[in-house]
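Structure, as structure tokens:
When the chains are written out, they are named A, B, C, D, E and F in that same order, and each has its own residue count from 1.
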């Protein structure tokens, strides 16, 4: 599902730039003589890598930020000079926001609240009419200004920035999502059907997905996040 | 402006596929294990070539149809094996419609009504939930079912097919369009400012743009189209 | 050797399409205005990945089918949008056969009989004059109609489909095969020369290659296949 | 038709390298650790450019030779660093032959005999088991050793070099050739059907195709060649 | 020769960035996590297009500026999204200088003095340790601070900016330059040898190269430039 | 740091080819009609892979040699047909030297003396005016003729071959090197600061970096090399 959200994110960002959605009226592809859109992708996990692929394909100028050196090495091997990679730091993010037409929040920690990387002050550095696509909204979002939206009313403007914060992004492409999900989960379903809960003992991956047991939260990260709120 | 419309068309087609717009719920990029969207582009002029570029960038499977052999040779030199080219004929179009997730109507004759290439019967061959982006709507559209829409309400569904028929597509990206237009028209504006109407005599390109003079339509194609309706 | 067979397979498929070999007379590269050949590759292991590379290089439209999700993710990372990937299922294979000009059977289970994925009924869905390159022929072939052929008489036509079922495909390019084999096996030869059979104890990879010991078949898969026939 | 011959030529050259056809047993694509085949293409017209595309797609190391500077500039713009271009001269050709696994004779002068660029002495510089694909065989061939062959028996070995000299190469892919020819000639056929011989007066291209009139050869080049033989 | 100078320019710019030549110590290719060098190329003629190719190949972020819309359309068709194109204007140049690690002056008017596009004030906007490669130095240079240098001492630092202003850049690669020049001029030499000065009458291109005749400057542009200085 | 040295190596090799540095006067990119430079890279580790990327980007014809089959498989997956890979052997190296304009010595064994792969006799097979960039000079160099040079006087000519043997190559691009180093070493510095020497016990990577302890050399390879000299 992360893969789908990543591929959709730059498309939604490009749409948010349109005048009718409150954006700056820039064409993401650019034109001969007119520069393409700048896309800043924060996080080079599955979401970020998929978002990079689509953004590059659309002809945008892409900057990909991550904390892990080996993740950036992998990204460069995959995309070469078509994407610029940067080590993540508060300074790097703040500087990059200044030139971004589209920011894609792709930093996620599995099972935990997303890191709050973009404060209201940081947001103010973005150009008016720029777009924030907060893919991490299902875990609370990476921006102070983010609040959940829906497929029927996906955008809102806050502080001059167009926000796209649709929860369950893959729902937009239900057919593709269903096909992918069916194939990805089929082995687990077959194991549960054949063995019942015993399947969790023989498959560490399956067991790691257990969040609540006998009414108690047993997933450490989830428990910690819920307590601290 | 044709260049802009062409670059926008596949993006609008991909959007129309989303469930919330009435489409089939397919993700244009596809996923590992799930095929990408099929895009059929009718016409390999400026609109069609620009649409091809964006559609290829999004990872779609693109078929480009045109009547001119040398136009297709040029398209193949530009895009190589990433796009499939076909000679246009009623049979070719009808066959291609059957597999198309997105059809982009890019056949235009300057100053004349667009050719009616997709009858209601032909449209019925498209899969339910497919999208028709009729870029030629400013000249009347290439489909029998096309009728003008606006940026605020761009889609409608007819016969199970999602239609995008926004007139003045470049208006969506007003900033980019204005920049491009300024540079493209500046030489003509300068000529008119310096010489007045005499400028038309010294610039055949400028003169070709004159449609109405002293209250009479003097552009042959336009006159013919308006009479025959 | 699998790598060589994979690289040869689309070339042999393209040759089988020629009229003089009984094929449909299609040029695999296509031409401007005339679509390229459709190549269906079943199995994304070493053979399938190498076959994909050559088929893509020839300008064909390639569909790659496999059962493993991560294998398809890897294939997409390698080839991007130049190849369409699909999850394997009986339905997927049957549907894909309908449009295939060339089918490459690349599904192999090391040391076991190849899976019978194409029955005579399934074969009947392929277009007349299409080609089946059954790389798995050394393990019995993936099609009901496959029977071994030789480099001097490589093709036969059965049920209207051109079959290429040469055993030991790498023999066609003996010089390249010998160079590659020399380098690949040299470490094992050196180990056997230095340590004799004791080398098998210190190298699990070498030991896994032992099929018959003291006159008994000790490779589990091979034993099972030979019993069940 | 030149386009088809060009796309077929490297495929036929790769086939000629196979041991069963008398070639050196090299795999044109190469393997990791084993170099790919060297392809020398003489002439960068339609045949040569199409041959270059296919040879590059197969992963060969391609050298393209031509006398025209602007033709080579165009080739470099199209293929970039994937092909090496060289100005044609007797020395250049002789040097290049020494390293060539496949030589493609693509030098043609419309309506005239092909230039004899490869004498028996020059041929002796090629490595044993190399292949010569003489696409110019319909105009007599570019090599002293070339003599016409057929689709049913396409190869012969002379002086240790495998020769492919099939006249009417496009006949191998009759279906694709017919589709392309139909579209290319349709306008001329329509003109002749409507106007008869008068069509030649209104279309210089059509008139240039007239070789024999009232029993006399009126095409200058053809007349000259036939006299001098 | 322009082609050679263009291909050398980004290499010389990358060298000027090295600490030992007074530059900022940036690696033009960048690294995973560290952005590549920004290259600004002013002028999209032969020099600019060749410089773009090399700069893109080195992995730099390239911005190409020109006044002609169709030149930029051509550049985009050639390089796609790997280069950003912008319409030239004093504002565009000034803004772009601010982010440039390397500026390549490639604006030339044949036979005339190069336009003075970078004043000392404009130069002050470039980051300290950036490099200016003034390919137009043979026509006087595009920067106020440019003065001719030599292959043995190619760089100087002025106002904190490293300047490379070698006249006759192709002299660095004498062997390649000689080969290219020989082939390019051979037809003219042959014409002059055969016909003497009469050759100028039958070849407009040759005649256009005549700058001084009977002791008088007859090339309009050259005459005008020399008078106005 | 190996990554930086690798990316710089082909740039320094291209510079060494210039006439002013004693080289053959070849332009590494080549020109239409004039072949590009041949680059031979010995060793496909981090240095060799980075060098390959830059050399390919410059348009050179690259041959990459290594002893490990899987390393070459990885290189081919990364670069495809743009680079030719060969299994390393004394014969392969000797043959390849004959055609090399630039040789990049990238064979290194961590913590040990570099292998002496190019004797004075082998060097004599290289063309006069060719360049040797010995990246392994910090470990003693791979050529008999190599001796350390500096950034201020980087080249010397020995036996007709231009040598670039700068120790500490990354020093040329101090800013980029510092940024990369900071990020790469930060986790280790933080661990040492927090835990002192105890950090070595909890991090095997950190412990492997310990070369001298209590006055004794404890790194096996280093000890062996210093003894044997």
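What we mean here is this: contacts are C-beta pairs under 8 Å (C-beta built on N, C-alpha and C of every residue); 3 or more make two chains touch, one makes a residue touch a chain.
These numbers come from a predicted model, not from an experiment.
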Touching both chain D and chain E we find B, F
Farthest chain from chain D by C-alpha centroid distance is chain A
Comparing which residue numbers chain B and chain C contribute to their contact, where sharing over half means same and under half means different, the two sides are same
Cα centroid separation, chain C vs chain D, in Å, comes to 32
Here the gap between chain A and chain D, centre to centre from mean Cα coordinates and rounded to Å, is 52
Per the C-alpha means, the centres of chain B and chain E lie apart by a whole-Å value of 39
Where chain C touches two or more other chains at once, the residues are 29-30, 32-34, 53, 56-57, 59, 69, 80-81, 87, 179, 183
So the complete set of touching chain pairs is A-B, A-C, A-E, A-F, B-C, B-D, B-E, C-D, C-F, D-E, D-F, E-F
Listed in rising order, chain D residues that touch chain F in their complex are 29-30, 32-36, 56, 59-61, 63, 69, 72-73, 75-76, 80-82, 84-87
Listed in rising order, chain B residues that touch chain E in their complex are 53, 57, 78, 179, 183-184
Residue set of chain D touching chain E in the complex reads 69, 77, 80-81, 87
The answer for chain B against chain A in the complex is residues 3-4, 7-8, 11, 14-15, 17-20, 24-27, 29-34, 53-54, 56-59, 151-152, 171-177, 179-180, 183
